[in-house]
Amino acid sequence: MRVAVVQFPGSNADWDALHAVRDVLGADAWYAFHKEISLGGADAVVIPGGFSYGDYLRAGAIARFSPIVSAVRGFAERGGPILGICNGFQVLTEMGLLPGALTRNAHLRFECRDIFVRVENDGPFTDMGQGQVLQLPVAHADGRYQCSPETLRQLHANNQVAFRYCTRHGDAPEGSPANPNGAVDDIAGVYNRDKNVLGMMPHPERASEAILGNDDGLSLFQSLRRHLGAQ
Amino acid sequence: MKANIFVTLKREVLDPEGDAVRRSLRSLGFEEVKAARVGKLIELELHGDDRESAESHIRSMCEKLLANPVIEDFHYEILD
Amino acid sequence: MKANIFVTLKREVLDPEGDAVRRSLRSLGFEEVKAARVGKLIELELHGDDRESAESHIRSMCEKLLANPVIEDFHYEILD
Amino acid sequence: MTTPENFPGEPDASAELARKFGLADDEWERVLSTLSRKPSYAELGVISVMWSEHCSYKSSRVHLSRLPTEGPQVVQGPGENAGAVDIGDGFCAVFKMESHNHPSYIEPYQGAATGVGGILRDVFTMGARPVASLNSLRFGRPDHPKTPHLLKGVVAGIGGYGNCIGVPTVGGEVQFDASYDGNILVNAFTVGIAKTDELFFGRAEGIGNPIIYVGAKTGRDGIHGATMASAEFGEETDSKLPTVQVGDPFMEKLLLEACLEIFATGCLSGVQDMGAAGLTSSSVEMAARAGNGIELDLDAIPRRTRALSPYEMLLSESQERMLMVAKRGREHEVFDICAKWDLDVSIVGRVTSSGRFVCKATPGHDPFDDAPTEPDPVVVVDLPVDLLTDCAPKYDRPQEARPDAATLVTLTDDAPGNLGAEMLRLIGSPNIGSRSWIWRQYDHIVGDGTVVRPGDGDAAVIRVFCQDTDGTQEKFLAISADCNARHVELDPFLGAAMAVAECTRNVVCVGAKPLGLTDCLNFGNPEVPEQMWRFARAIDGLATACTALGAPVVSGNVSFYNETDGKSILPTPTVAVVGQLEDPAHRLGLGFLNEGDVIAHLGRPSRGVLGGSEWLVQTMGSITGAPVGIDLDAEAALQQAMLELAQRQLVRSAHDISDGGIAMCVAEACIANGHGARISLP
């Protein structure tokens, strides 16, 4: 498996993603600097967390004008698997590759702690089975997923919701602290219509080794490897 | 030439920052505050003085970058 | 009664966000953009219709909460 | 010798102007006699910042020399931008702590943010990649009207900067006390990793080598920030408003990546970040360390605002800027890497053999004018480098011991009846309760390195990746920052020693061996004999404890004049220690793990002494009683035993007894993993 990790000026979790995919999973992975125009024959692309362009104006708003982004758009249109983590998710919505938008957390503060998500639908990164509960960390200030009622209806109709925040036991009672940012319908991650692009706020790459607390996050990358192996 | 661009959240989008401002103002004794919404003011200084072309340029700046159409509206004013 | 409050960074204060907007607009081909500054627009809905008292209240809201006097200026407009 | 020219509108130097710039009358006299002429306006500005307490350490230098700075593991001691200790296999941990107290009181968000930005630069200017940060904060009483605003702003500022640049903020401490009502403390610590033989130093080496300015453009921010840090607060604080520096973490991230890439090429012979007193202190200190001179062409300084005078450019504290000395002929390598990271870069001068600091500028030249006047520079500053550094004033100020009327306060018979209620009151109080509201606003896990997170252990444990030609090794460091200023108030010697003991103990309790220590010595006005006595006694306490507990001082900072309207803060010698685990399996959290485990108390009980304790302060409303004190030999033995227990994996968890005594220690260990405990006191 060959994975390109996009590096915008201001990305700061690029090392986290490279380490998880290359050193922990053992795949071939490298940085794709934002000024480059090709992804170097990658099988999959990860857009990591961070503050691309300082997150000025809106998180991820300015990153989409970098040269590398046209290569990422082409890769997406050809059905290539793309994982946007945290800032990467924000960039993908600003690019229009994913529906909705990520807005300021409801409590208006940066939030960094472990949370739980439930796998809602199958896909290249989520073949571990519906209902599976994963413990993953979040670290963001603008993670509140928003979309119009019509978009929400389509997301459910096309099984595009990948993860929803929940408690340790997998349920999501109204108003429970399980939802760290007030996202609509407790949404933590969504796929596009063709189910090849996934954006999520939690950080699987920061929960990919037992020494860091738990390795539930590694299951996303293992799912990706199985998906690519099967192709 | 100068232009002021106002980017505001769409009506139906929850505005926690606006809520926080309303609650804080009321707790400071400004009971008359019924509602508050927080948006962005972007002040631009532009070369040239042709209002028509400025108008269309500003519109496309907003559509391309300054506002996120999914959740934000924009309006602007041009000052000589 | 409605009021719009504009909170902007003082002239001398570094505005990294404004710089980022200027550079991005220019890289998008809007060469005419000489400078950009990003501030806040706070829209308030107020009970009552006495402009004088509203004026003085708004001023003290800005001084107490809405603007940071160390690095920000403010101005406002009252709409019926 | 003729006085260099003033720029239009700049008044001639005078005793009155010198006083306004913060120089004492005898210091003004010394300038005249040394130069045997009057200084120019810009020269007076340069001298006043270089002779400020913050830059010259004039009231503390005579005492700092008593601190122990030697040890087999010490790679770099005090004197450079940061200190360094050996962590094996040719790698070292580079670290320092710096204070940003006064700017944070005026503008909490930006003051704290630029404090974080400044300490990060001090570390990566040595050629080290920053891997983790801590912060030590002090605020006034929780119910003081200003405290909530200051607390929210400082925490948001630290998070805003640290989270964006991607260095995890993994711990620290906060204490609330009335003495900080008008003068909060924000001490920022950062540790980075470097190869020992690839460390960079702040030296202007190589006559003729070009001086290169890299990073953000220069504005009027923070002018006279250095002297303000040495001016006590009072009514005229408002008049110092324009001294707020504003930080841009995104620019710093570009600067960090560009610098590390430039260092790797080997094209530099020296580098220093522009901190307090910006361009002046960085160029003068680099020249002094190399024994050379420097000539600067101020016309070439990248600027952000119009009509900047030499005085403003030399004293500006705009953030995110570095000064590099490139090997002659290899400047283009710096320019290429700066272009890759979209950074401003400009050759602004060269190294000379004159041993003098010479600056030139063209009056009226302003690149913002439509047709800037042709550069025709005149000399505006021409001063001997050593006048600004080694020959800066050095005082052994008078001291006056405080009569120690402190009597031993212990729990008498009429002890409070309901201990349970007392415990609940204590654990809910701001100085003991959980700090998660603060550290949850910090990204404490970026970098895939945080192995023991905030709140889970007595110190943070981070995994650092040490890369060299034959692959990557993982090493494990433990870091903690501590100080209980109340004990220092009661007895500066014992209190300072207890701070070192608590910090090294925290590091040992997570299974690590202490390697080195840095400090941030926050004190009142050194011109008040009693405050000077406190400082001198605290230095002796630190020195004795650092020697006894094997933690040499490798770097540090002094912040004086922390007082408002003549009332001084509690003497607060904050210390931070870096330790190393032999094996990650040795790491210990603080929470009880399994039902049925036996709880053991290690060390001599404190005989019920309550001096300076949180309980006594809450009960009596003031800080009284002799402090519990410390037996450093017993402490050293205790830490040795604890370390061995961890290394032989004979214990499951460990928690140090500090604020709140055994009661709070056991409560915290229970709460961590939701267990209970049955305790029988000896």
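Labels for the chains are A, B, C and D, by order of writing; each one numbers its residues from 1.
One rule holds in what follows: a residue touches a chain if its C-beta (ideal position, glycine included) is under 8 Å from a C-beta of that chain, and two chains touch if they have at least 3 such contacts.
Just so it is clear, the structure is predicted and the values come from calculations on it, not from any experiment.
Undergrad: So using the touch definition from the top, which pair is joined by more C-beta contacts, C-D or A-B?
TA: The comparison resolves to A-B.
Undergrad: So the centre of each chain is just the mean of its C-alpha atoms; given that, what is the distance between chain A and chain C in Å?
TA: 34
Undergrad: Rounded to the nearest whole Å, what is the centre-to-centre distance of chain B and chain C, using the mean of the C-alpha atoms as each centre?
TA: 9
Undergrad: Just curious, how far off is chain B from chain A if you go by their C-alpha centres, in Å?
TA: Those two chain centres are 29 Å apart.
Undergrad: Do you know which chain C residues sit against two or more other chains?
TA: 16, 20-21, 24, 28, 38, in rising order.
Undergrad: Counting only residues that touch at least two other chains, what does the list for chain A look like?
TA: 53-54, 56-57, 62, 65
Undergrad: Note the residues in chain D that touch 2 or more other chains, in rising order.
TA: Expected reply: 248, 250-251.
Undergrad: Name the touching chain pairs, please: which are they?
TA: A-B, A-C, A-D, B-C, C-D
Undergrad: If we count contacts the way the header does, which residues on chain B are in touch with chain A in the complex?
TA: 12-14, 16-17, 20, 40, 65-66, 68, 70-71
Undergrad: Going by the contact rule at the top, pick out the chain D residues touching chain C in the complex.
TA: 106-107, 110, 216, 219-221, 241-242, 244, 246, 248, 250-251, 304-305, 318-319
Undergrad: Which of the residues in chain C end up touching chain A in this complex?
TA: 16-17, 20-21, 24, 27-28, 38
Undergrad: Could you pull out which chain C residues touch chain B in their complex?
TA: Chain C reaches chain B through residues 6-8, 21, 24-25, 28, 30-48, 54, 57, 61, 64-66.
Undergrad: How about chain A: which of its residues touch chain B in the complex?
TA: 57-58, 61-62, 65, 93-94, 99-101, 103-108, 144, 146-148, 182
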